[in-house]
Structure formats: structure tokens, C-alpha cells
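Per-chain residue numbering starts at 1, and chain names A, B, C and D are given in the order in which the chains are listed.
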């Protein structure tokens, strides 16, 4: 096969198929993908064939947290980029609508986003993408570290939307990959050592290894926080977390899970809390790569499993079979270097 | 009586009593009160003897939207202030805590606020207050206009917290006094002509008289908004209003009523909406007085009833007996000039 | 001639020539231009053949403040746009660089801007432009009003960069077209009635007609301001204006003229003043058109002279020959309707 | 002597005198001072007897970067504070004026600031200060570290005023104590490793010891920066530094020296640079103490000399006699622990 790819046909139906090798259009680069992380949304598509109104009608290559090497360029792109290790920002916006022109391109209604039906994703040998969204990785980064710029971007965006700044006391609910990365990002921005909560001892232990403070979810928190990054998707985590906020506290809703959450109006008004939703990210990749490169954010210890491309289905199910799993990484071109 | 005052003893029990005339302490002024507006919170204390954890245990003078004339000053205050018409900002914060030092003095945990138990309010002939919180009214303002700086402040604060700016499309749910004032404030800040919704034809007609656009509450809104100022306290208004918001829309929760509201997580995340509570106001009085003085905010047409001090109880109940009521104003020192 | 255009060959050498009618490329519209305002930069190119490093080496169509009617569309553009009156935003950025993706597209190093060598401008019968930069004018606007969205945008941007908000006391130095428009924009944003200074009695009288307060430049200002919009380019205006600022005052440098200005360090530090340069604008056109449409900004009374296309050279020199001139407007397709 | 103090009588005239031990007024604490850093302004008063309009007419205790132990409290202060190590924020504002109520208390026109004539400073055994401005030091801090919260605050404020955030490329001109601390603060906020310039090899070597990147002042900088913290007071440093800024770059003017600086208008406009003055700080002490406590900002290696109180004059002159000096610290109560 010239371009083996992991294609989702429907719930519990992933097939490794050959796809045509794309040609880079003008202003695009062609990337030989090396590593692709598995995200909760990938798992959700695998399990249910849909996320809300996004339905997998036609076979779709899955995966969107990816990095690889530039192997060809389209017209208008500097040929010197060939050979670069790049992290692929998976959503390419229209750059013409109001949201784009204001710099909020994550809210572009015409964005083309990997592995969001009907757009193909990146668990594939070769992917073409706009050159401006193939971000050059600092020297020394591995491909899987570069691929992790995607979930790190989610953490950066959550921190930006909730205006995390130096000295803030930050609470993170949910010690999955996003929570563990968001906690490290908050710390890199000068926040006090963040506190992260979860129900899993394994995850809390990993959080401590990463230098975060931890508490079992549901425990009464005796301290006060300025910011809550809700990364669990659990309604109870939001409710409890908000009670722990100081006046003027800020909340970012990152985790998906509950369809609705109940807001205590008197609390939100009396303390003038602000709550903001978080949808993907914008203008985060350069910072994400830098934080990974400087060591401020350790992504390697968030990766618990590594698979070859042909084992993509196992990567999609490891979260259910192994309670000690966080991020699974698929190595598309080569055998995984460690596992 | 030297200092007749409207004193709340408990639910449905307001008495006109003589109270000692206060002496202005250092840095205070003594104000001969002229007019005091009745707020929903006053009505709530009158009906229930409490608001949440704030309970009227001891007799308490009611009212906090007040203006009058400086008749004496304490040490450290310029005697030239005697004779000034002033609007009284009813909450005097500690000015020492973190919230105060950061400029968020509305969140001061030690604030002393008129007519919040056990602090006396201002339906009284004479009130002493810190000079810095007795704001000089621009020339030409009447006392009742100056008293309206309080609810106008709520509108300003809601607009600031939701970052209303020129060109914003603003939706206001609830055409009570706060909604009608907030709508005019938003317009004064350069927003497109705001749209206000209510269930009352009377209120909607008044909104149109004030130059606002209107729609019956519950009607499907066919346009898109950038900001929602929720001033009704109705959960359905919030739910419907949020659906009408554009990506990156902002919501201020102003109205009180529902204990809890349900947030549609997918909506808040997918459009990156932000929701903030509003608690009183800070640094709004000078602007409120200016907007009233310039005519940008018409407060007079929001006042529907005027009473003498001895009729304070009627002022507190007019909202229930007259469906065509908005703001009731109590004239403390003299007979009301018009009614 | 099918596409008569005003072409600058060098200093004092403007010729009316026929140019090929452009074909709209994909995502472009073809606009039949109706009116084009003359800007100080156009005059500067006419007088000197250059502005700093931008030199008119090859003949270049002049003009960039333009409006007209869509007469054709390229692929990907809704054909219903044909017939729309549009204001042309004259700078089309790359939308790929960091500045663009952050929403600061005015700072795009690859922007293509009308009448900035070697890019042709818009004093021409027909111009093609990206559809997203041809802003639909609200109904009722005339073409010359729509063309004025360009200088109004400069005023909006100056106000945004200096964070003008409700209640601000705003000083504008220089009552040329930009100053007169910026003053009205500040007022529309809720600022106190701005004060504008100039050396010309004619300009000050016009400012008063527009509802602004005025003072002769060089007069000692006895009041204090929060914001200075320096629109004269005179170093003395900046120096004097900054002295009139309150602590935390903000300055926008809009006017061009002096190569350097001298900052009084003790003043800037002691009052924590902030000074920002202003370069064109971003995301201002919709608001500009709305402010013109609502009447908040009167652009018509800023236009003092109107010329036919063949008289473009007179339009470029009227500022020197007539002291009662402000904005000159060139009617490209038809005889000017009034003058 | 019960309260020996370093009193400045005029240029080159410092005397160690006994002063009455102050009694803490209500809401004040009495602090037994342990360590006081010498600031450039102290040296300036010593050399010239004045700074601009502030003239030492009457003998004045000098020094304002101080820390010590609470030994008594006034009415209204928790007696448990006795025994606390505190850093003294040297400026106590009025908390009543507009600047204070907005949270910009550093701009309070009525601020009472240590060692600014006619207010006494803190090189003294005992000082009384408002309790809210005696900031409790985290456990483990030494007195001299706590005293350094003052210059660290200057660095925090410069970073806040220029909006330093994660990923910013920060240039600092001037590797004196303020520059060395500001550079570390910027790094703690997530900036890329800042680059600092100076003419002194000694200072640059110290900067490298602190983990900063360095360049000789006047060298052509080949990289581009987002933020310039000008800490040298040299006009040439500002001019050169601004040329190295990217579009939308921000400048904080921290250093004092030049009375005026020349701004290149075309540069400021073309890149939309913003320049802000910095005057002391507000709401920085808790963060300063935390950054020192966490080790994010190393203050100890910025202290090069330590003196006993009776040697205050030597502390004031060491900068002239020893080129390897940075911060001199005066130990008021005890012999310096190391030197």
C-alpha cells in the first residue's frame, strides 16, 4: 500500500486501507505522518459513529493529533521546508469570515477539521495541509512530542479563555490527558502549583509525578481558587469546583460529557463568577511547541500506550480495557519506538 | 419628628418612625434625602423579611436608591460641598481587602450596604455617608433623576461585565426598570438599537417609547445577537436568549428569580459563549449621572409612581396592585412634585 | 474609454487613461466605482512621488477611499451580490501570517493596499476586489457616504487602540477630516463631548457644526482628559495634549507629519501614560458603515468639494488652493451630484 | 537608642539618630525592621537632596525596600499577626480617590510613600504601617528576601503594563537590579528566556548566572522581540530596543535617567508599537513574595553587599566605589548575616 490509512466505516468498524497519496495544492505541504494521538472524540466516533450532529455517513480516515515530516510542497511554498518535522494543526479555517478576520478562527463556521465528518483525518501515511498550519517543531522534538501540541493547545486555550495569569490559584477537575496538560500549562504561565482532582488513583499518581498537587474528586476542598478548568465532563465536578472559587473566579468548560449542567445562580451572581465554553483553539501551536520544547510541559509521561498503524483499533479501545491508560499514540509509518 | 424614616419590622410591617439625626463622622457628609427609588430587593424584604441568608432580625430602615442635598460635613470634608445635590452610592466597601485594592469593591466581603440587614437604608430625612460615595450631580438634574443613578449603575455594570461595545447587537430579556435602563445604557455605548423582550404589553410599549426595539417574550428571535443582558430572572428567558447568540457571545446574569438555571453545555462550548454573574456595581456613579444628564439615558419615563414618605408601604406594594407600574419613587422630605 | 482611471506618473503628473476592465477572480467581485475620497497620502504621492520608502516607480492608479456597485462576481461568490452598494476596504491581507491569524491583519507584511506602490488604487471606473473586503452598505447610504467608511475606520481604530469608552474625556488635536471623524466616533462610543483643537477657524467652526467642542490650538487647556487622539501630525500638539492628560491617560498617534516627537519621560512615567501608534485599521468597516447609517457620524459635512474623474488633479490640489477645504470627493462614473 | 534611624539631612549628609518609637494607630501594625534594600532613588536623594520637585527640606529617614517582624498591632488588627515576618509595601494610598477606587492606587495623588519628602522611610528599628500593606511572607523566606519584594514588584508591574504573557520574546535593556528581576519575572510568566543587555561585563555575567540570555548593549540584535522592558534609563537603549520590536510590540519605560526620549513616529505608527510609563506598582506584593518563595525569581544573587544600619552611608555610596555592586542591603536591627 502506498498510503495506508485507518478508515472508520461506522461504529466498531475501522479498516486499514490504501488511499491515494494526495498532491499538495498551492500553498500546501505534503507530510509523511509519523505519530498520531488518539483523542476522546476519535473514540466517540468509533463507538457511536457520530458526535451530536456530526455523523460518519461515508468512510472517514480517523485521527487529528498528528506530526510528521514535510516531503513535498505545493506552489508558493519554500522548498526548504522539505525535511522539517511539523505538527499539524488539524483545523484549517476559511480566513474570510468575521470570526476569522477577528482572529477567532476556531469559531469559523466553514473550518475544515481533520476527522470531523466528512473531512478525512490523519492516521495515514501521507497528508496534505496548508503550509501555515504545518508548524515547524523546535529542534530536538520527537514526532510524538510534536503530535502532542494538539492536546497541549486545548490546555493553552482553556488557560487563555479563563485568563490564567501569574499567581492564580488554579483547580483542574479531571486528570485525563487534557487535565494533566492544562495543569502544566497553567503552571507554565506562572500560576501557583495547580491542584487536580480525579476519581482514579492511577491518574492522580501520574499528576503528582508531573509535579501537580492532587485531591480525590468529591473531597471537600479547603482552599479557595481563582480559576477552574473543568476537564472531566462530569456535572458534579463543575458544581463542586465552582463552590471552591473566590469572588471574580473564572471557569472554562473543557470536558465534554454532560449535555446540560446546572448553574447555581446566586453563587454565580454573588461572587460574579464567569463561565466560558472552550471550543478547540486558535493561535496556540507555536506556544504549545515551545512549552513542550522547554520542558515546561511534559507530554511524554502523558502517553501510556503506543501502537502501529495496523493496530489503530486497539488504540481506540485501550481506554476501556486498561484503566492505566491516558494517551494512546499511533505510529503510522514505522513501528513505535517504545511502548 | 426630626428624622422620620420608613422602618421595616418584618414581613408586611413598615412603620414611619423618628430616628436620631446622624452626625457626620470624619470624611462623611450629612445628606437631607429628597427621593428614594423602590427596588425589587426592598419589595422582597417587605414581603418575606429576608433575602436568602440576609434576614431582617431587627427593625431596619428600608431603601437604597437615594439622592438629596448635603447639609453638613464631617472633619476632612470641604465645607463647600454643603448645598450640593448628591446621589448616594449605597455600598461603602472596606477599601483594605484584596477585592477593594484591585478595584472590584463591589465584591468586598465587608461592604456596608444600605438596607441589607443589619444596615439601615435611606428612606429617611437624614443620612450620613462617606463623602466619596456621595456623588455630586451635574447641574440641572432633579433629585429623582439623581436617585436613579443606582439602577442605571446596574445597567452600566452589566454592560461592562459583558463588554458591550460599539456595534454590538444586544438582546435584553425583561423590560422592568433594570432592563429598560440597561438597554439605554447599551445604546449609549454605541451598541445597535437593542432589542428587549417581555411578556407585558405595557412594558414593551414603554420600551418603544424609550427608543428600543421590542419583541414578545417567547417569540422566536430571527436575528443573532452578540450580548444577552438577562434582566428578567426567568430561566426560560436565559435559555432562549442564549440560543440567539452568535459565536463568542457574552451573557450577563442580572435578573434574580430562578435559583438555578440549566446550561446547554454543547451550546456554550460550541459557540464559546461566556456567562458572567453581576453583583451590584463598582465605579459606575459618575458615568450614570453623566448619561442621565446628557439625556442618553431617560430615567424619568421609567418612574411610574411617586409617593410621600408616609406612603412608603404603598410604594412597596404598587407593583402588585398596578400592572402598569415600573419604578416607584418615595419623596422623603417634601410632597412628590408630580405623580 | 472603457475603464478611465486616474494614473499617477510622478510628482504633479496625473493622467486620465483607459485601463483594461479587470475580471473578477474566484472569490472576488467587480465593482463599478462611484465615489473616491482624496486622502492626505494621495496628495503626498502627488506632490512628492513617494511616501518614505514607498516610491511611485511605475504609473499607478491613485485613490483608496472608495465605494460603488457590484456588477459582476467571480467563482464562489453569491450572484445575488450583484447590484449591492459596497464600500471597498482597500487593504487585502494575506490571511496566512501570524498577524493575520491573530486578527491584526492591518499589520500583515504582505498586505496588498490600494494606491501604495506598486498596487493600483481605485479612482477608476472598475475595480476587482476580494468579496470579503467589499462591505455591503446599509440601505439608504449614498456612495460618497459609503466611501467615507475608510476615514471613519481610521477614527474607529484610533478609538479602539486608545480604548475609548463611555464617560471618557477625549481630546483631539487636529480638526482635519480624520480629527472630525474621530471626534464623532468617540462620541458615538459614549465619550463625553470631545474637545477638538486646530489653528483654523474654518475647521473649528465645522467642528462646532458637528456638535464637538473646540479650542484654538496652543490655548492652555484648563480641563483634564483621559484620551488624546493626535490627528494633526504636529509635534507641539502632541506635547501640549499629553500635558492635559489625567493619570493613566492614553494617546493614539494618528496624524503623520513630524518624523520624530519628543517624549517627556517624567510625565509618561509619573502619570503612567500609554502611547500607541495607529496603522490603518482592522475589522472596522461594518461598524463604520453602521455609524454613518445611524447618523452617529456625519460624514457629509466633512466633504467640502466634489469633482468629476477627469478633474482628479484639481481634487488633489484643492487643499492648497482653498483654505476652506476638508475632504474632496471624486465621482468616477458620473458627474458629481452636488458640489 | 531605642529607635536608631538613618536620617538624611541633605546631600551627602546622613546621620544615625534616635527617633521616637511609633505607636501603631488603629488598623496599623508596628514592625521591627530587619532589612532594607537601597534603591537608586535613595542614592539620588543622598547625592542631590532632591528628585525633581521632591526636595528634602527637613531631615527624613531614608529607605523604602523593607521587611521585618510584627511586634505590636493597633486597634482592629488581629493580635495573631504579632511575630509574622512581613514585607512592607512602602506606599499607602488614600483609598478614596478615583484612582484608588478603580484599583490603580499607585497613581493616587495623596499616596504616602516611604522616603519621599516629607514622608519618613524605613531604615529604622521600628516602623508603623497600615496592616493591609504589611504583607505576610511565606514561611522560609528570609527578611532580605522579603525586602526584595519591592524591586520585584517593579518588575511585575512592568510586565503587567506591557502585558507579558507566555511565549513572548522579551528584551530587557539594563542589567541593574530592576532589569535582572524584571527578566526573571518575565520568565516566570512564561516568556521565552529573556535577553538582557548592558555595558557591564559583571552585570551580564550575573544575568547569565540567573539563567538569562545576554548581549552587550549597542550590539545589533538579530532577533525580534514582542516586549521591551527599558530598565537602563538610557535614551539609546530605548531607541535601539524599539527597532528590535515586532509589529504590535509593547514597551514599558521603567528606567529613569533621560529627561526626554525621542520617538521615531514612523516606527511607532508603522508597527503599531505601544509605549507605557511605569510608576511604582499596585497589587503586586503577594505575587512578588510567591515568586521569590517558589524560587522562580532569585533575589539573593542580586544582592551584592550587606551593611549594618550605622554604615548606611557606605551602602548609599557603594554603587560609585565598587563596579561589582548591584543591590546593597542594610540590616537595621542586627549585624548582617553575610556580606
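Definition applied: a residue touches a chain if its C-beta (ideal position, glycine included) is under 8 Å from a C-beta of that chain, and two chains touch if they have at least 3 such contacts.
None of the values given here were measured: they were computed from a predicted structure.
**Student:** So which of C-D, B-C or B-D is the twin of A-C, meaning more than half of its contact pairs are the same residue numbers?
**Tutor:** Over half of the A-C contact pairs recur in B-D.
**Student:** If you tally the C-beta contacts for A-D and for A-B, which one comes out higher?
**Tutor:** A-B
**Student:** Take the average of all CA coordinates in chain A, do the same for chain B, and state the distance between these two points in whole angstrom.
**Tutor:** So the centre of chain A lies 44 Å away from the centre of chain B.
**Student:** Using mean C-alpha positions as chain centres, tell me how far chain A is from chain D in Å, no decimals.
**Tutor:** 41
**Student:** Multi-chain contacts in chain D: which residues touch at least two other chains?
**Tutor:** Each of 104 in chain D touches at least two other chains.
**Student:** In the complex, go through chain C and note every residue touching chain A.
**Tutor:** Checking each residue of chain C against chain A gives 27, 95-98, 100-105, 130-132, 282-283, 286.
**Student:** Inside the complex, what are the residues of chain C that reach chain B?
**Tutor:** 156, 165-167, 188-190, 192, 286-287, 290-291, 296
**Student:** Within the complex, which stretch of chain B touches chain A?
**Tutor:** Per the stated touch rule, the residues are 52, 99, 104, 106-107, 109, 161, 247-248, 253, 256, 258-279.
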